[in-house]
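Heads up, the next two complexes both have chain A, just with different partners, chain B and then chain C.
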Partner chain A sequence: MHVPDGFLSPLVTLPAYAAATPLWALGVRRHFGSAQVEALPVLGSLTAVAFVIQTLMIPIPGGTSTHLLGVPLLALRYGPLAAFVAESLVLVLQALLLGAGGVTVLAVNALAMGLIGPSAGWLLHRVLRPVHAGAAAFLGAAVALPVAAAVVAGVLGLQQRLDPSYFPGPLPVVAAALLLPAVLAGLLEGAYTLVAMRLLGRVRGGAGA
Partner chain B sequence: MAARALDARRSRWLLLAWAVAIFALSAVTDPGTLAVLAVVAGAVFARGAGAVLRRVLVTVVPFVALLVGASWAWMRLVVGVAPDGQAYAALVLRAALLAFVTFAVMRRVDLLGALAGWPTASRLAVLTLAQVHALRLVATESWQGLQSRLPRRPGAVDAVRGAGGVTGALLTLSTRNAREVTDALRSRGF
Partner chain C sequence: MKPVAFLILSLLPAAGAAHEVLHQIGRGRAVDVTAFESDGEVLSDRPFEVFAPTDGAKPWQSGRTDRAGRLAFVPSGPGAWRVRVVDDSGHGLDVVVDVDASGAVSPEPHAHEALHTLSFVLRPLLGAAVIAGIFFGLHRLRRRRAGRT
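Let's look at the complex of A and B:
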């Protein structure tokens, strides 16, 4: 659900960068520093898997596309800041290598898909995990996508209010187009995360054997 | 032919100029001004412009045009009136111009050299690019495996059927690969 370059004005993109920059610094220091020798390669691998998953985008009406994220898995395993930095890396690679998304909209996309959506999933996962771990993983990941889509719709709607010459779709029209595909993709994201959590647990278990 | 990369210092300056330029370009909404700026960008990055333009036309324009077309059609369906096409045309032009400038600059800079002053940034870039490369190899091998198991050319349905297994293999292999990277990092004093 990348917002492409040129769909948002600097009036929206620059404040998003101001909000994202300290969080990037904190996330990189906490999860991607040289002290994280054990976790760093796994984070790199899961980031690369997320890159592959997110490359399969389906354009939808409403100014964006729909696809799986892959990073809610990182949020559930390592916390929302790790997902935020990983998603930002994915977005940088996609923007520079494939021209998907873009650099001016990077902070908006990263905050929506890397932080706010996965944070909602992470919170739900924490609440539900004591009840049922599998259901918590599925629902935590499944909820991340619609939340991220709602944020993207909100930002595009805000842009339309600020200056309709950028993206002319009003919020209700954009939200209607974005949310249903996001809910459906969320179910796939939940299934992927559930299977991936089990697989990673098995690989880890195998390593110790 | 790929343009020769600048040295690290010049790359940093070009990256800074590019960052300012793309935000400035993202503020332009008039299609006429965008067209003039596209000509200017073509003149500034004349060397290799053909290859960059082809890349933009193949990777960015079809996707954005499809997206913008779908949005226009959706607006028409919901609101009942055909929306003004100028803003939609400007969207495609702006996205293409930003991608052209970005791709043209990336051909000229030594990205890893420019990032050398920031070890964490270099480490993140190297690690992720290496993993993406590893995953490309695994995906290619999985696709070849699927082809060899079927008596005919695999179609979309076969790819979807095999996607779960391939994703599982990707995760398992990349996690094992990550363990080797951990050992390599340790042996190099990280």
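Let's look at the complex of A and C:
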């Protein structure tokens, strides 16, 4: 789902950085400051797990593959900004250590996979939690991946309209290629998040800010 | 008329030869690039474009990767050749291949290319260890500051 370097023009990447920068500052202050010192070990562990999860590719029939995000769990547990900062760290390390994604497209990838997708899941979780906590966790995480994929598809489709020399695929083709794998992977994301939420619920100090 | 007809007939084989497609085989001059996912899955049958150092707008070569996820091109000169492999799902590759004056590819690998040689198991662990280190340091820093106040 990561958009690699060179696929998006500065016309897309610069506004994304402009939008992401204050949110990074706010997220770091709110979730990674001195007031949240007790939550940091759990946040760090879940971020590390998210990094590992995102390197494990799940083969999809038709010759493609996808991966889970891991950070919707952070959004449900601590809030969307915590997921945003954690996913951004994961993406930075993937770009610098593994050559996946990239620095110019970091803000776009972080906003899609770290903020907008997990925020949709967080909202759904808040709505459904009074009805059924387990279903809320499962569905909240499950919906995050397709939403993130839809955002990535939209951005790539926009880029194709702006300048196809960066990315030539039209929106319907990109959306079809991204959304079906994301829906399938979303079910696994939901299952992972549900299990992890139950485990974390038993761990003292796992409660977030 | 007879000499003219004879002349035309005698030139026909030459005209045919002018349309013959000839070939020449060159070995050891091409640069080959393999595109693959982080888990080793190759990007086979994907569209690719190669841009010469002198023209970044019009592709020098375009085509589709082979079954093994490979593409190959023969650089016409030294410089930074740009290779793009574009997948419909937004995955892909956009790399610069440095070709020196002798036609050889620069032997200096990029950091991520070197890390691709690390195993499928080691790479996730490397990232997880870095994250653990960052949060460990952050935790100690925040705790120390909280202790001072």
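FYI, the second predicted complex is superposed on the first by the 195 of 209 C-alpha atoms of A that agree within 3 Å, B and C clash if a C-alpha of one lies under 4 Å from a C-alpha of the other, contacts with A are read in each partner's own complex, and residues count from 1 in each chain.
We take it that contacts are C-beta pairs under 8 Å (C-beta built on N, C-alpha and C of every residue); 3 or more make two chains touch, one makes a residue touch a chain.
Values in this document were obtained by computation on a predicted structure and should not be read as measured data.
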{"item": "Simultaneous placement of chain C and chain B on chain A, clash or fit", "value": "clash"}
{"item": "Touched partner set for A:Phe7, first chain B, second chain C, both or neither", "value": "both"}
{"item": "Chain B versus chain C as contact partner of A:Pro164, first or second or both or neither", "value": "first"}
{"item": "Touching partner for A:Ala177 - first (chain B), second (chain C), both, neither", "value": "both"}
{"item": "Touching partner for A:Gly33 - first (chain B), second (chain C), both, neither", "value": "both"}
{"item": "Touching partner for A:Pro15 - first (chain B), second (chain C), both, neither", "value": "neither"}
{"item": "Partner chain(s) touched by A:Gly201 [first = chain B, second = chain C, both, neither]", "value": "neither"}
{"item": "First (chain B), second (chain C), both or neither touched by A:Pro41", "value": "both"}
{"item": "Which superposed partner A:Gly99 touches (first chain B, second chain C, both, neither)", "value": "both"}
{"item": "Contacts of A:Val152 with chain B and chain C, given as first, second, both or neither", "value": "second"}
{"item": "Stretch in clash, chain B with chain C, out of 6-14, 114-122, 132-140 or 150-158", "value": "132-140"}
{"item": "Chain C-contacting residues of chain A that also contact chain B", "value": "4-7, 32-34, 37, 40-41, 44-45, 47-49, 51-52, 57, 59, 63-65, 89, 93, 96, 98-100, 165, 167-169, 173, 176-177"}
{"item": "Chain B - residues contacting chain A, complex", "value": "19, 22-23, 26-27, 29, 55-56, 59-60, 63-64, 66-67, 70-71, 73-75, 78-79, 83-84, 87-88, 90-91, 94-95, 97-99, 102-103, 106, 111, 119-120, 123-124, 127-132, 134-135, 139, 164, 167-168, 170-172, 174-182, 185-186, 190"}
{"item": "Of chain A, residues touching chain C in the complex", "value": "1-7, 32-34, 36-37, 40-41, 43-45, 47-49, 51-52, 55-57, 59, 63-65, 89-90, 93-94, 96-100, 152-153, 156, 165, 167-169, 173-174, 176-178, 181"}
{"item": "Of chain C, residues touching chain A in the complex", "value": "37-39, 41, 44, 47, 57, 84, 86-94, 110-113, 115-116, 123-132, 134-136, 138-139, 142-143, 145-146, 149"}
{"item": "In the complex with chain B, residue positions of chain A that touch it", "value": "4-10, 13-14, 28, 32-34, 37-38, 40-42, 44-49, 51-52, 57, 59-65, 85, 89, 93, 95-96, 98-100, 102-104, 163-169, 173, 176-177, 192, 195-196, 199-200, 203-204, 207"}
